[in-house]
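Several structures are given next for inspection.
Two complexes follow with subunit A in common, the first pairing it with subunit B and the second with subunit C.
Showing the complex of A and B:
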C-alpha cells in the first residue's frame, strides 16, 4: 500500500500544531517538576512497521534501556501515543517529582504513568483545540521498564503496517530526564488528518 | 498612516495565523520574514516598527534577533509569539528586551491587549 505524502502546507500546519501542543505539554511538565523544560522541534515521518525500529532508534539516540507507556487516542483521529523514557531518566523521576516515600517498583510505575498521562493529555488536547477536532484518549498502560527499544516496538504489539509518526521530546534542564513522545496514526487516520489539516489551512 | 509590521516565523502557516489575528481596525503594512536575518533586514529597511517574533527558527533564531537588537540599541517594539509558554521562557525573552509575550495559537484579543497597553492602537 502506498500512502501519498502530505503537501508542504499540510506538513507545515501539522508541524505547527505539534509545536503548539508540545508547548502545552512542556508547560504542564514544568509545573509539576518545578524545572525548566527544553522542547524539541517536532519531527514528522511516514513509517512502515519494517523501518519503525530504525527510525525511532535514531530519534531516541543511545542504545540505552527504556521505560515505555502507551495510550490510545480516538474519535476523529485514531492512533496510539507511546511515551519512551530512557531508564536512567525514569530513575530520576521520583526525585524530580518530589516523591518522598521509598520508591519501590510500584511507585516508580505510578510515576511513569502519571508523567505519560500528563504529556499525552496535554498533546492530544492541544491538537484537538488547535485543529478543532474531537479527540479522546484512554488511560495509560505500562508497556515495559528497563528493556531495549526494539522490545517496545515489536510488530506484534502494533496494529498497523504504515503510520504517520509525530515525535517530540522534552528534556529537563540540568538533569538526565528526557522523554520522547511518539504519536502513531494508521492509514485511515492519515487521510482523515489530511482533511482536517486542509480545513484548518483554508480557514486561515 | 499604516504601521510597518514584520511577522517573523519559519512556518508560513504560523505567519498566516499571526496575520489573521491582527486587529482588523489596526492599519498596518505587513512584511513577512522567515528567519532572524530576514527580520533584521526588514528592520533596516524601515519595515518593522512592530515585530512579531517566533523563537525557534533556522539560520538565526528569535533569541539571537533580540540579542542583536539589544547590542545595536535598535528601536523596534518586539512581541514574542511562542508555543513555549513556561513562565521562565517568558522571563528570558523579556530580559532580552521583548516588550510582550503572546502564546501560540495567537488570538486577536491577546494582540489587542498588548497594543492597547502600550498605546499602539
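Showing the complex of A and C:
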C-alpha cells in the first residue's frame, strides 16, 4: 500500500487502525446478527474522482444490479460511507434481522437502511474508538434498491477531486449475504487524519 | 456559566422536537414538553415507567431490538417517515390542509455513554416532518403526472412514439438476454388519407381516437400499444410466439372492421392492415424488428388490405 500524502509510518498506522476497527466491528456485528461475520482486511487507497467508477466497479461490478445506501459521518473526520449490497443476498436480510412480519417494499427499504446503519456504525465506531475521536452520523438514505452502481455513482455529481477510500468486504457465516463498504473521506479529512495518526503513533 | 445546566435543561424541555430517554430496562428517564404535549401524557406519570407498558401500541419487538442494538454497538440509529411514517401516533398541525392522518416523524436514537464509555441510556430525538412529507408527496404526484403526460399521445391518449420505442428497446434487450419470444405488430388504418380528404380532419381525428380505443380494448394485459406515426400504431408483445401474435392480429382486425365507426349522424366503415415480425437470434436491434414488421405491413396493403401478414426471414440457404 502506498498513499502519497502520508509517510510510511502514517500509512502503517492507518492500516493498523483500520485492522483493529474491523476486528471490533466484526465482534459487535456478530453479537447483533447471531452469526459469525467475516470482514476482509481493509484496503486503503487514494482515488481521484475520475478513477472512482473504475475502482468501485473492479470491486463490486458496475453492471450488476445492487442496492446501495449512503450515510455521512462528521466531526474530526468528515466523509460518506456507501454500503453496497448484492441483490442475491438482500432476500436474507429479513431473516438476519429477525423481521417476522410480511416484508413489503417499505419494510425492505427499512431493512436495507437498518443493516447499512449497523455496518457503517460498527466500522466508524471501531475507527473512532481506536483514534479516540467522537464521530457523529447523519441518517442513512437510499441511493438505489436495484440498479447498477455505475448509474448511481456519477463523477460529474461529485464535488471533490481526491478522496481517501477504505474498502471492506463483509460476509456472514452460512449465508449468501455479501456486502461491500466504501468509506470516502474528502480532501480536508485527508489532512485532518494526518494529525490524528501522528497522535496515535505518539501514544503507542 | 453557573446557569448553563439550567439553560440546557430548559432548551431540552422546550425545543421544537420530541426528546425522551430510556435506560437499559426500557424505563423512561426523560420526557420533554414536546412529548408531553403531543402524547397528552405528563412526565410525572411516565418517569420510571416501562416505555412499552406506557405505550403498548409501539412496535415492541422491532423497537426493542433497535434500542438494544444502540446499547450493544454504541451506535446512532435512525427511523425515517418514508419507510415508517411514525413511531408515536400524534396529531399534526395541519388537520385541515394536511391530507395525512397523523404526524410524520423522523427519529434519531443516540447512545448516551457514561465515563467508562458504556452506553447507559438511549436518547430519542423525534422530529415532526409532516410538512416535508406533504411537500414530497405533492412533488411525487406532480412528477408522476408529468412523466405520464410526457409519455402520452395527446390525441389518442395512447403511449407516444418515444415511449413505445423505449418499451420495445427494453423488451428487445430482455428477449435477447433470456432468449425469450418477442413479437411486434405494426398496424395502419387503411385509406386514412381518404377519410381526411372526404370528411375533414376533425372526422379523421375522431377515427384515430376510436381506432386507438378499440385496439386498446383488444389487448392482453402484458401487451404495449403506442401511436407510432400519423395513423400507425405499434404493439409490443413480450414473451409471445407467432401463434399468439396472429391470434391478436385477427382479433384487432375484426374489432375495427366488424362495426363501422360512428361519425356525426352516420357511420364510416374502417379497416386496418397489420404486419408481424418476430425476435429470433441474429436480429441485430429493435430497429430491425420495426423494419421487418413494416415490410410485412406493406405486403398486407399490397395484397388487399384488411388483413395481416407475417415477415418471412430469408431462409438460411
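Note that in this section the second predicted complex is superposed on the first by the 195 of 204 C-alpha atoms of A that agree within 3 Å, B and C clash if a C-alpha of one lies under 4 Å from a C-alpha of the other, contacts with A are read in each partner's own complex, and residues count from 1 in each chain.
Criterion: a residue touches a chain if its C-beta (ideal position, glycine included) is under 8 Å from a C-beta of that chain, and two chains touch if they have at least 3 such contacts.
Quick caveat, the model's predicted, so the values are computed rather than measured.
After superposition onto subunit A, the partners subunit B and subunit C occupy separate space and fit alongside each other.
By the touch criterion defined above, A:117 reaches subunit C but does not reach subunit B.
When the two complexes are overlaid on their common chain A, residue A:26 makes contact with subunit B while staying clear of subunit C. In the superposed model, A:106 makes contact with subunit C only, not with subunit B. Draw one line from the C-alpha centre of subunit A to that of subunit B and another to that of subunit C; the angle between them is 150°, to the nearest 10. In the overlay built on the shared chain, the residue A:125 is in contact with subunit C alone; subunit B does not reach it. Once the two complexes are overlaid on the shared chain, A:140 sits against subunit C while remaining clear of subunit B. Of all Cα pairs spanning subunit B and subunit C in the superposition, the closest are 13 Å apart. The residues of subunit A lying in touch with subunit B in their complex are 9, 12-13, 15-16, 19-20, 22-24, 26-27, 30, 36-37, 39, 41, 130, 201, 204. Residues of subunit A touching subunit C in their complex: 28, 31-32, 97-100, 106-107, 109-110, 113-114, 117-118, 121-122, 125, 136-137, 139-141. Across the complex, subunit A is touched by residues 11-14, 16-17, 20, 56, 82-86, 88-89, 103-105 of subunit B.
Interface residues of subunit C facing subunit A in the complex, by the touch rule stated above, are 61-62, 65-66, 69, 72-80, 82-84, 106, 108.
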